[in-house]
């Protein structure tokens, strides 16, 4: 399964100044969904203070039910760019339709979510975009399929791809999904692309996020995606899994300590 | 989980004259991918002779690897419409991008494949199209998520939805996927929408298709999707699972006999 | 994976006069757990009248919680033998410990349940017993592992083994487990041993048992295991999935009709 | 699901002087199977030198195929007790049949393997034994079922139970099983029993063991079970996943460093 060019092995991807892979350790944090300027700025200030390298926030939210909050859309992206101005952090947000690409012109890193990992038309378009792509593993996608999805982007010429494990679907129901940390060393071996881990979506409960985030670092992840909200109890989307800024700051400190141990 | 209007229960969906649901039993057959006029016509003549009600054929093929045959695209749809002219059978083919909708103007039934079951932007667009939609269950989607995906289409006003079980992903590797026939009675109970079963993709081997097709009928399916190819050994896509026209004819006969027993 | 001697292919196993495999079609029915003489006899009379070939009833019940009813034990077996006397039907019941073998001396068919499919010490002992064994697939066992478990029994000299599919564990929670009917043709191809299906445990709800039982027959199963209780609402174990005798009689009739279609 | 007495929460279990749980961090290491005195002693000396607290070694080996090496049996236990004499390390080994209990009289910690997690007759017997039990999670057992299995032992009066996550069965085939590290914080929350992790069996490949072992520690595991063999290439059982003593020593050092970070 040597489907990714081994010359890419271990290389660093530069995201508007922030480095991912190649020995760097990168924290990406922010709210699941952008709800308002006030909410976004509160989270952004918190993650900046805690030393995160990138700011995340969802403008287009794919939700299982059409009756759930679907995100602020283009307005959300505008707010995210304001938050970048304010904090100096590059930003990452999710795309769900190839027709949205023009809206992402100012975005630093484009995320493809788990549900769209095999939306090949979207992947093909992103192969022609001059921006790095954060590609999340589908809930029921094998490691091989994730690499094949990366191939769809690479086939168009865009090789700046960052992979992300975010939990797979199993029979276990005690957690929302099962975080497959084995994917970290396996993906490193097979592709050399940077591998991040998002424990927030996988666990679905904030109290389980820190142990699994630290486990991801110990397993060799090149960084973490963490949901942070200044007021989780009133979040419009997935509040139960968001850390408060001070919890994130403590996690970030422990994560960097473990990183130093595993990287020697 | 009463998310689907029970008034729809058991109603029939008319697809350019062919009936699906409401007591009808419907066979949809044809090649996985349209490869050429000759190949398509050979299969179309065979399925017509065997009494199929609709002709299927893929023009846009989502494949796990970008290096596999991706289908003939718009030219494939043109050939499919020629085959309809020739056989009189309404046609169904898969859409993979909302921008393709204009190409499907003449198509009788639009299929959403397993990989796009949670491509919500595509589903939303199909909610505004005046055509029935065949919605396949994702490989790792729960029954509830399939119904929620149907809701995305219905929310736009299009209630002509036909559900399709095509195998789920499990730990078992002896078959390509595990056909979850339990979904048939469960979906009927929860939604009242017609439920078809596609055993060809689930099994991945032609010799296992007839027993599982008959099992689907016994479980109460409103019809079957069967891959038929006049020369499976030379198919460009999934040939190993295609029946020859004469095998399909025999299956169709047994399927209708079993249907009579289970419907009294 | 040619681990089972192909000379066994399709051969019939004689269980005290009842035939299983080799073209025969066999219905095994009775209560999940034996609760009392009255309860057992009511069910036994019902399944006898409906034409079942064997009577089932659990004396030793492996339950997930130690606080649930664990069965009547040796007394249950005595009642089961009385019911055999009364109805003339051979009986099958589950063993959970190799030390129980002497208690099963009069039993016609010894069942190994899903939880003990890889209890190798038990399997080895059953290899030396002069009785047929009904071996159920484990909830998370592959088809290959089921055949390997059969090998453990055969290695001791006992080749009278009947396999049984009873549902596997998947991510789907709408049914208790996912009945993997694909296992029927695959097991037939790989082993030639008789393959029964138990839809009662897989579905966990009586209303879903008939469609899945019929589907199993259409898929080629050599017979069915069906839970029958004269008063399901008051059953001590798994009452929700038990059919009443008259429901079983109707199912038996339809099952035999479908059997005739698929066997020509 | 408050099935375990919360008064047990976080308590320490004393295994012949070695502590497990209650803040202790415990390394258990040794060969998968005991093959000979020489092989066992080489591994035992290595794990002792690296600072392991207990020595493991399998005498009775449940193997998927009856034709694979099944262990040395009683002779294996005698060799293990010799190795205890030599190193001073308490020993743990697996039981597979209730009739073997007398053979385990001198063993310090009795292991119940994944395949026997729902062998309730065995669990019941262990409820009456005055020894701690190491209970491994079944390959397809939920966290709730693991706790219920522990209940079977506790119901007999033996509350000295240590839980162990060793990988669950999922659709992913890149690793032998999927190590579910989420189980660590969830089991701690639900039971307060000590939780160990065995990454060797889960990964099936030695090069993936260290990252997953460290991840387990970061997730909060109370200790690790690691397979160590002085000559993995010639091991009779699962050699591909065994670490050499010097690799284990390095892992042990990093594991203790991470433990200090996560326990503050």
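Letters are used for the chains, namely A, B, C and D, taken in the order the chains are written, and counting of residues starts over at 1 for each.
Everything below uses one rule, namely that a contact is a pair of C-beta atoms (placed from the backbone, for glycine too) under 8 Å apart; a residue touches a chain by one contact, two chains touch by 3 or more.
Since the structure is predicted, the reported quantities are computational estimates derived from the model, not experimental observations.
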On the document's contact criterion, could you list the chains that touch subunit A and likewise touch subunit B? C, D
Name the chain whose C-alpha centroid is farthest from the C-alpha centroid of subunit D. B
Tell me which has more C-beta contacts between its two chains, A-C or A-D. A-D
With centres defined as the mean C-alpha position, give me the subunit A-subunit D separation in Å. 34
When the C-alpha atoms of subunit A and subunit C are each averaged to a single point, how far apart are the two points in Å? 48
Which residues of subunit D are in contact with two or more other chains? 140, 169-171, 173
Using the touch definition up top, name the residues of subunit D that touch subunit A in the complex. 140, 142-144, 168, 170-175, 178-186, 189, 202-203, 207-208, 211-212, 214-220, 254, 257-258, 261-262
Which bits of subunit D are touching subunit C when the two form their complex? 3, 62-67, 96-99, 115-116, 118-121, 124, 138-140, 145, 148, 151-152, 155, 169
Name, in rising order, each residue of subunit C that touches subunit A in their complex. 140, 169-171, 173
